[in-house]
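Written out below as structure tokens is the structure these notes cover.
Naming follows writing order (A, B and C), and every chain is counted from residue 1.
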């Protein structure tokens, strides 16, 4: 049984590429070359993926699985292993330890397993480990994530332009950092064009619970929200939006077929290039434990706009995206107040990628996401 | 090795006996095949030969009694005939044709119906619904009134008085039994098997039953009547077959049979029947009551009043019998006097001191032993070992208990001592108590209880379901306790047993005492009237 | 002459054991055939599993880590079955025990041994409190404990999710949706193991001894086997029900503390990991015997570990669950068949 509360997984923020291995490496490792991982012949290589959900979830795990398929295509002689639906419990330790006994050279945890993962990394210093949405680096452990807050901000702009009531809704899993960054970025984008917009969040304590997500969508729509967004792996609230004649944006993949009229866009992720690159480095013996936040346009982006999105809206939102891509525009600049009115980012200051990655408070106008 | 030989001899013998004189039915043409002929039925269970080459012929128009001690093989034989078990060897011949009764349904289709000792009715359904339950002739869509009309017609046809619209749960045992019989007869049964049918009936109800059975017989049908009660068997049956140790010992004409002779056949040796157990000469009755109940009222399990204003005094050195039709408060009274059931009014004194009602451990601690009415529901934990069951009364103190401990070895020693005193052969004391026969269970319980009955033994239906030998042992045990100066409260459905053993007899009806008679003044007729609700009180005093 | 099957009223011990072993072998054979049909090599996979599970300290330690909570939740259920009831709420009591232990470990300071004892005590009390309402409802109002204990599992899960992602959330970035790492840990045993295993074994032995060698245990067995007989013997059935149920909750709570302090170290949503529900299976397979729980918990742990090992070899996790189900299914059949023996049919006489 998959735990209803498999916490971990995904998201969190992060943009700029490697927010600098040097910066994030433990002091003991800085400067020194971390444990070396000698080159491996492709035919001897074993690459393992541990997933939080089923590979056919059409969302998060599916996207990572696409990455594995790209690895298989690029390195056909290498052996790949994967296990799906690993719970966030001591079972994760056991599973990843199995990868180690199977002589894996590089192991990806496609979601955060925290201490359960580190129990394995500590005991297998000769193996290279990566953790998606990880939190720290070790001599054989790196992490990676997406700067999803940028495309989210862009979608927020579209939401601000398209919403009539100014009341936006959000279906969240848990009050974790990825949800804070996502909700905040979304509302900031909306407020950039509709300053009075507010965001109501419903937390359903699961990453995958179509029924709860649908109920949350109904509740938000009943509450007057006319634009729904969320971090779910399935299309539950998109279908509600379709029925109610309101709009919705999604996460992970293109889901327009579930609600073509309501579909606005999606924060889509693409790990193919990153995974192939990591494996190539490991085979070549140049892999290093780094922290990587895949930037806008290189692993995370907005999806092609939906069929009912007015051209003007698409144009205005894409202009913001262009500014981010070309001009380094960072909308996450002071002054930013939290939803209790306290100034958290003073005027003149800009949040760093790590600030965004570890964002754990709601901005003014966001209600319902924990503390 | 003598078994087959014996069986063969018997076959010859019974055959010779049967054909000419068919139980008073001289209208049967010669050569009429038996309605049921069992030939060489053998059925074994692990370690037990339940039936060993049993032959039995039941003629049309005959009431055939089946007698035997517990474990003699009566139930197994009937289970074979009703398709519940399959015989290992032997044949079943109905109307001259060998039949294969592979299932209960096949037996019913062949016209064999059985009324069990424990009725298989649905209490929440009406009589009509119960009669029509699981019957293929029940109309597909039938209103209550249609079912009731059909039931009424059936009841008339078989001369069985039932109320089609009454709920079975509200009926007396006798009425429920009539419903069971009607159910069986409605399915065109030609052979009606009754297992201990009179155990739950008043004498008057038993007479009604006998009338109905005779009417059924008059139509050329047959009845197989299983019973322990020798007098009743002689009265109702045309012929009597006796089983012992899984074999058929004999078939006798009822006319001319004697209780003593039948009992001897059942147990295999001459025994004294209905032995009066005189009080030990000079045995005093204690002047002060050991147990005094004043104005007791109590509720039954459903929370309805079951006992009303009961006052009884029980003296050392006497046996007080409680008569009454089952279900008139006996169960509740036996539980109140042993502390198992709380009371709503009144006081109980043991040896002059107030007792705390509803404190079973306290009552036991003050020397009240209890042979409960239903040993499997109250007296024993059937799934626990014989050792665990044997020490149920004495586990609290040394040698088994003490300091919060339970010493299995000491318990085993105590269990062996109790089993030895009860003359029960136990193959393994670790075996669940349910593996013991009913008689052996009761012997163990009785012996266990007499060990703690320092002052009083409450014996509720101690001989129910037991064979002659076991009853004999139990009643002797009760008499011995009396002779030791202890008080005994004896509940029984056998008036003869009460009259034989008790010093005084009190009659319960609807939760009230109808009166207490010295046994010398009690006769079956008077007691029968009191059991029907008539008050009589000639003496509440101990002799 | 012929042979036929004959049913005996109670199964012989040797027959029962043989039945179980045959059941497991039959289930594995079925699974092997299915695997072979899908183009895998069952024998090689089995050998691989055996090597990994038993051929290395790490493999044995993994089983040890799994068996520890299973013994305790199995005991929690087995205890209640001895008094004729079912504690389906082990999952919730486990979680609440872990929560209480985390509360103590995160918010109080002290020397490690003292703190571990305090965490264990808090967990036991919390587990007992979590079953208190179903217990009272059962003992005094006859409310079916199956439902009430089960429902509280969901309440416990939500409560844990709330504290782990809300008030006690790790804001240092060490973990998502989990509390900070509890600084007090079970003393290690071997490389990855800890002292939870010997403690769990001791609990099982003590429980078995208590049922056999104490007055309380005897009264519990009588009350469970036949409440009527318990009333008859003057045993306070309600008091025994209350005591046994609370004890059961406490044991399940303790299991949560050991999992927290020994294995998980942080309170998070999935902490109970179905151990409470698996404990029901463990107890059923052990037929309520506390000593047999040790064996059935070991079997269950081996199966779970096999699931993990085989899934890393590419076998779908649901296939592993199916094998587990098969084993239980065949065990039920084996238990029934153990009641039969083959006897020589006497020569027909007719």
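We take it that contacts are C-beta pairs under 8 Å (C-beta built on N, C-alpha and C of every residue); 3 or more make two chains touch, one makes a residue touch a chain.
Composition by chain, UniProt nomenclature: A = Purine-binding protein; B = Ribose import ATP-binding protein RbsA; C = ABC transporter permease.
This structure is a prediction, so every number in the text was calculated from the model and none was measured.
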{"item": "Reference subunit A; chain at largest CA-centroid distance", "value": "B"}
{"item": "Centre-most chain, if every chain is reduced to its averaged C-alpha atoms", "value": "C"}
{"item": "Chain centre separation in whole Å, for subunit C relative to subunit B (CA means)", "value": "45"}
{"item": "Mean-CA-position distance for subunit C and subunit A (Å)", "value": "37"}
{"item": "CA centroid of subunit A to CA centroid of subunit B, Å", "value": "77"}
{"item": "Subunit A: positions in contact with at least two other chains", "value": "none"}
{"item": "Contact footprint of subunit B on subunit C as seen in their complex", "value": "6, 8-10, 212-218, 221-222, 225-226, 228-235, 341, 343, 345-346, 348-350"}
{"item": "Subunit A partner contacts - residues on subunit C that touch it in the complex", "value": "52, 56, 58, 62, 65-66, 157-158, 160-161, 164-167, 169, 171, 173-178, 181, 191-192, 259, 263-266, 268-271, 273-274, 304-305, 308-309, 311-314, 317"}
{"item": "Touching residues on subunit B, where the partner in the complex is subunit C", "value": "4, 39-40, 42, 44-46, 53, 88-91, 338-340, 359-364, 370, 372, 374, 377-384, 388, 392-393, 395-396, 401, 404-408, 431-432, 434-435"}
{"item": "In the complex with subunit C, residue positions of subunit A that touch it", "value": "1, 3-9, 48, 81-85, 87-91, 93-95, 97-99, 101-102, 112, 114-116, 119, 123, 133, 135-136, 174-177, 205, 358, 360, 370-371"}
